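Only one structure is covered here, and it is reproduced in the block below.
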Amino acid sequence: MIGLEAYLIVSSLLFAIGIFICIGKRNLISVVMGIELLLNAVNIAAISFSRYGSGFSDQSDALAGHVLVIFILTVAAAEAAIALALCVLVYRHFNTINVSDVNQLG
Amino acid sequence: MSFFNQVFKGPQLAYYFKKISIAVFIFIVIVAGYFFSQLFFDLSKFSQFIFDFVLQRSNYNFAYFTSSIIGALGIISFVGLVLLVGSWVERRVIAKFQIRVGPNRVGPFGLLQPIADAIKLMQKEVLVPAIADKTLFLIPPVAIFLPAILAWGPIPWAPNMSYLNINVGILYVFAVSSLTVPIIFFAGWSSMNHYALLGSMRTVAMMVSYEIPISLSLLSVAIITGTLNFSEIVLWQSTNSIWLGLFMPFSLFTFFFASTAEINRTPNDIAEAESEIVAGYHIEYSGMKAGLFMAVELGNAVLLGALVTSLFLNGWFLFGIEKFVPPYIIFIGKTVAIYLLLIWLRATFPRFRLDQLMNFAWKTLIPVSIINFFVIAIEVTILNQFQSTGILIYIFALFNIFLFLGLIVVWSKIFSVDKFQPEKIQPKFAGEIGGLEAMKGVKSVD
Amino acid sequence: MVLGSLQVPGKDLSELINNSFADTIQNYTEDWVELKIENYLQIIEWMQNDKNIDAAQLSNLTAVDMLDSFEIHVHLQSLDKQKLYSIKVIIDRDAPSIPSLSNLYLGANLQEREVYDLFGINFTDHPDLRRIFLWDGFAGHPLRKDFLQMENANPGLPRFPFEEEGKQER
Amino acid sequence: MTVEEQYELNIGPQHPSTHGVFRIKVAMNGETIEDLDMIVGYLHRSMEKLSEERTFTQNIPFTDRADYLAAMSNNLGYCLAIEKLANVIPPQRATVLRVIFAELQRIASHAMANGTLVSDAGAWQTPLLYMFREREKILDLFEMTCGARLTTNYMRIGGVAFEPPDEFYPLLNELLGELPDKVDEYMDLLSTNEIFIARTKEVGIISPEDAINASLSGPALRGSGVPWDLRKAEPYCDYENYSFDVPVGNTGDSYDRFMVRMFEVKESIKIIKQALNELPSGMHKTQIPLALRPEPGQVYYRTEGPRGELGYFVISDGGPAPYRMHIRAPSLINLSLLKQLAVGSSLPDAVVTLGSIDIVVGEIDR
Amino acid sequence: MIELTAYNFSFIMMTLITILPALGIAFVNSLMRSLLLLILSFIGVAGLFVLLSADFIAIAQLLIYAGSISILLLFAVMLTPEISINNENSKYFLLASLGAILFLYLMILLITIFDLNQLTGNALNKLDFDNTIEQIGTLLLGKYIIAFELASVLLLFALIGAISIVRSSESDFDVKIKDSK
């Protein structure tokens, strides 16, 4: 039976891949992609807890997970916009967006 | 006997026979059509029958799976039929506008022309540019079919006849259609052609801007009907006996105009402007790959017709005729009407420029949509105070129509669209301004 | 008499020019006025700006190969006065060179490029002197009368640029 | 490949809006044109060289192939130049017939020019095909007169080649009867169309000073407000006897050039009607020697072609062939301002500007 | 072994659509291709949300991640030139893979050690939420109104911030960096 465990395993897989991309990639845009994957993994976990969790007083209580995901989506959109603006700025300043080359303060 | 001879002489007999046989044929067609339509009045009976039939012989999962596959096949085959017939209709109708005949050689009235075209396109070689990113180049023509077909899911053809009767119908169509943007972008980028890149950048810029007015107009629909479900929106219009297109003409206009930008139709087909960037993002595609892009565009035009019909034109209802004619026939009829309107626009209008279009989106459509949205929100709040909407909704409809016209006037004043009066921009005549020596004093620049 | 109705006879024009620039007219007939090459640019500029002549527009600029020399024919016109002035300059055939009118008349740009392409006449101070119809590296200048006898011109010309160089980028 | 960098775009030689094998190499930044290089010569046949090897009469077909959309006008210009050079006086009937055919050609050419302009502005070929309807009728008239539709080779030195057949005149009258209505129909369709105005108004503005300085002629010059028409200024073919007016634009934008062409069509209809009324009887052609040998001399003869000042500069050395023949091609010279107009504007505007200047590649390259 | 019901089959498919492209991003060298894979992965996550009967969240996921954030990323790639197209691994590749595997091991350990049944309980019987949108809407504008307002303020600031950061190359921020050199 597919249950909470399965979703949590998928979520942690995605999270692990996200961590891997965040650290293991040189390109700043790739790092942003990795962060998006991390957020997605969190979203899966939140929704699956909301779907399979017990101890909720009523349905609207259970839907708190959904609300949390909506806020994460909002923050992700804002974060992506700012991060990519920073990417462009970093490129303009350092003429590269390799993370390992951007290693000085100014 | 002599009378009979007199009336039915040789040539006359043939003449009357022809007339009578045509009349009989038309009568038979009408009668057969009536019985046929009564037989297929409610197609949900058939799907229920199939579902029950499979359920009796297997488990629920299998029955669900089978019926969903059959429904999906139904949608896909309908879209395929639309693509075949639609291209013929478009070419014939545009030919009528342009004093031509259009395709008329293959089959009766050229009806088999789309099939001949498809065969020809399939025979053609698919060229992949040497410097193109080959993987990315070959994915978009196929991938672009995905949103184009998925978006047909929640369309309410008739009562109980909607493949995906989901609560988030409008949002679903909106989300799925936004998937075309990256696909078109990948098509243009992977071609490694400047024309293609220009086309895809134009598409992305245009689609991103025009999603806002579309979402605002859909939001107005959602707040007045209180649902995002297509069937319920159609039913709301019939219970309140008003078409949403009449109640909020500006939302209809915004949705229609912005959608023409989303699906690359004239006057907003700047993403593949033939006279500027040749074919835009699919310039490097040849053979059936180009054909797929064009087919999707055509399918999207018909899809727009279906969306406008269900959101603004009361879906399958038409003044009680729906009791006699199968509702899905009415729905398809309205869809075809919108599609013909699109063809008419394509045959008539020149194209906007990109900056004009963007200006129109950001300076006109979005602010006016927001005003319109607030006005409708206020009206909805007032309407919700009453048990039945009654006459009030008609008063609001009238108010909205005048608001629409007023906003047009105000905005054209603000942006001085009427700067060019026809009488001021007519040429003068040399005779009026003093003959050929009128330009005395015009000297060359040093 | 083969003058158009607008054309100023050479005699009248030469008098007009003589009044301002003495001793610059080489020769004149009814059809044209021949200028010395030294004064060519100066006189045309004066004609463009002079109120009485008002040669505001360059109607035509072309060259003729006279076997021993090149002739440059310039037709200037005044739209206000409704006059057409025909001017001719004879230039050396071995190293043909003449001042460019492009800085006076925008319309001379393409016509001078055409003459450069087809006659090989060098226009000094031309902003953008390149071949216009034929490609760079085309042997010879086809409107010269001795085009087919020129050393570097061979009858079997390459049909396309860089044909013999293989797949070079065009 | 980035958005902010300058990149190169090849418009043509095969492109829907270059009207032939015309190539523009543009350096673009985003949607803005930053530099432009015009590359012509794909249709170069060196007519001027070829004509030095053929007799004066044999050169007439070359003029058809120069401006293949206005063959009659080109024939006329060349024949008038040679007649001036050789002192041949055409009969009166031939002169009037020449006017009729030249003006019909002007209508056909302007219909094509305006149709393609609207097509360039993005109308999906509908106006083009509407204008083609009238052009087809005119080409039918040409065909029944001289057997050819495009490369007519109709004018001769000292007259015209053939007398029009009897069925020509009723058809011409029918056409003249319906043409003004058709022109009004197109004006209704296009001249007040908001999108068309938005696309052409204040696009590609040429000031009168620039137009004169850059040797522009024809509708491109008159669109800028300069009332200059050789049919009025230097009348040939007895144009001074016809009453017609010269339309001039206000601001010199693409819309004005479009409208000037539309109004010129109306004026041409007037001229044809007057010419038909006073069509004298008599010969349509004088006899000239087979190998015409004009006196040595030179001529620069200009006519008002549909695209502008169409000049023929011919030098005779007394032989049967011209010593030098130069065609002053309005299409080429009208392009002098293309770079100034296009640089700084966007690609769609440049396309519309090019369409409004109305080029014919056969005449540019010769 | 798990039973192959329609639900389980869909779950496996969606998991594959999510995980395989995500893995692909780590190993594909072209940034554009990895973007395409990222979009696929987002779509897979949306599919998982549908299986969790979170229809509104699934659509929002499609709309915001697959439709909008991917476009933002596309623009970022286009605004930085060709050297940014490559998507190579950094020198921390081994460290990253080690960390990821360690994390995964820990998580799976946690998931298997805990008896999740006592957490899930009777909720398993309840298959679907009916009509989540209205309740989410009520929650957002009721219980979580402050968070909702804050989120909108955050979005506004993000919008203004992003614009002001990239507006011009000689912005104040840029000048400060140069001064500090």
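Annotations
Chains here go by letter, A, B, C, D and E, matching the order in which they are written, and residues are numbered from 1 within each.
Definition applied: a contact is a pair of C-beta atoms (placed from the backbone, for glycine too) under 8 Å apart; a residue touches a chain by one contact, two chains touch by 3 or more.
If you're wondering where the values come from, they're calculated on a predicted model, not measured in any experiment.
Top contact pair of chains, counted by C-beta pairs, is A-E. Distance from per-chain Cα centroids to the pooled protein Cα centroid is smallest for B.
The centroid of the Cα atoms in subunit A and the matching centroid in subunit D are 65 Å apart. Once the centre of each chain is set as its mean CA position, subunit B and subunit C turn out to be 60 Å apart.
The centroid of the Cα atoms in subunit A and the matching centroid in subunit E are 5 Å apart.
Centroid to centroid, with C-alpha atoms defining each point, subunit C and subunit E lie 70 Å apart. The set of subunit C residues that touch two or more partner chains comprises 56-57, 79, 82, 105.
In subunit E, the residues that reach two or more other chains under the touch definition are 35, 56, 60, 68, 75, 78-81, 132. Subunit B has residues 201, 436, 439, 442-444 in contact with two or more other chains. Residues 94, 97-100, 192, 194-195, 197-198, 201-202, 266-267, 269-270, 273-278, 346-356, 417, 420, 422, 424-433, 435-436, 438-439, 442-445 of subunit B touch subunit D in their complex. Contact residues of subunit D toward subunit C in the complex are 40-41, 44, 46, 48-49, 84-85, 210, 212-216, 226, 228, 233-235, 297-302, 309, 311, 313, 315, 323-324, 326, 328, 332-333, 335-337, 340, 365-366.
Subunit C meets subunit D in the complex at residues 2, 4-7, 31-32, 56-60, 62, 64-65, 73, 75, 79, 82, 84, 86, 105-111, 114, 118, 132-135, 142-143, 147. Contact residues of subunit D toward subunit B in the complex are 1, 3, 7-9, 15-17, 28, 31, 118-126, 129-130, 133, 191-199, 201, 208-210, 212-213, 225-229, 232-233, 245-250, 255-256, 259-260, 263, 346-349, 351, 355. Across the interface of their complex, subunit E is touched by residues 61, 64-65, 133, 135-136, 139, 166-168, 171-172, 174-176, 178-179, 181-182, 185-186, 189-190, 201, 204, 208, 228 of subunit B.
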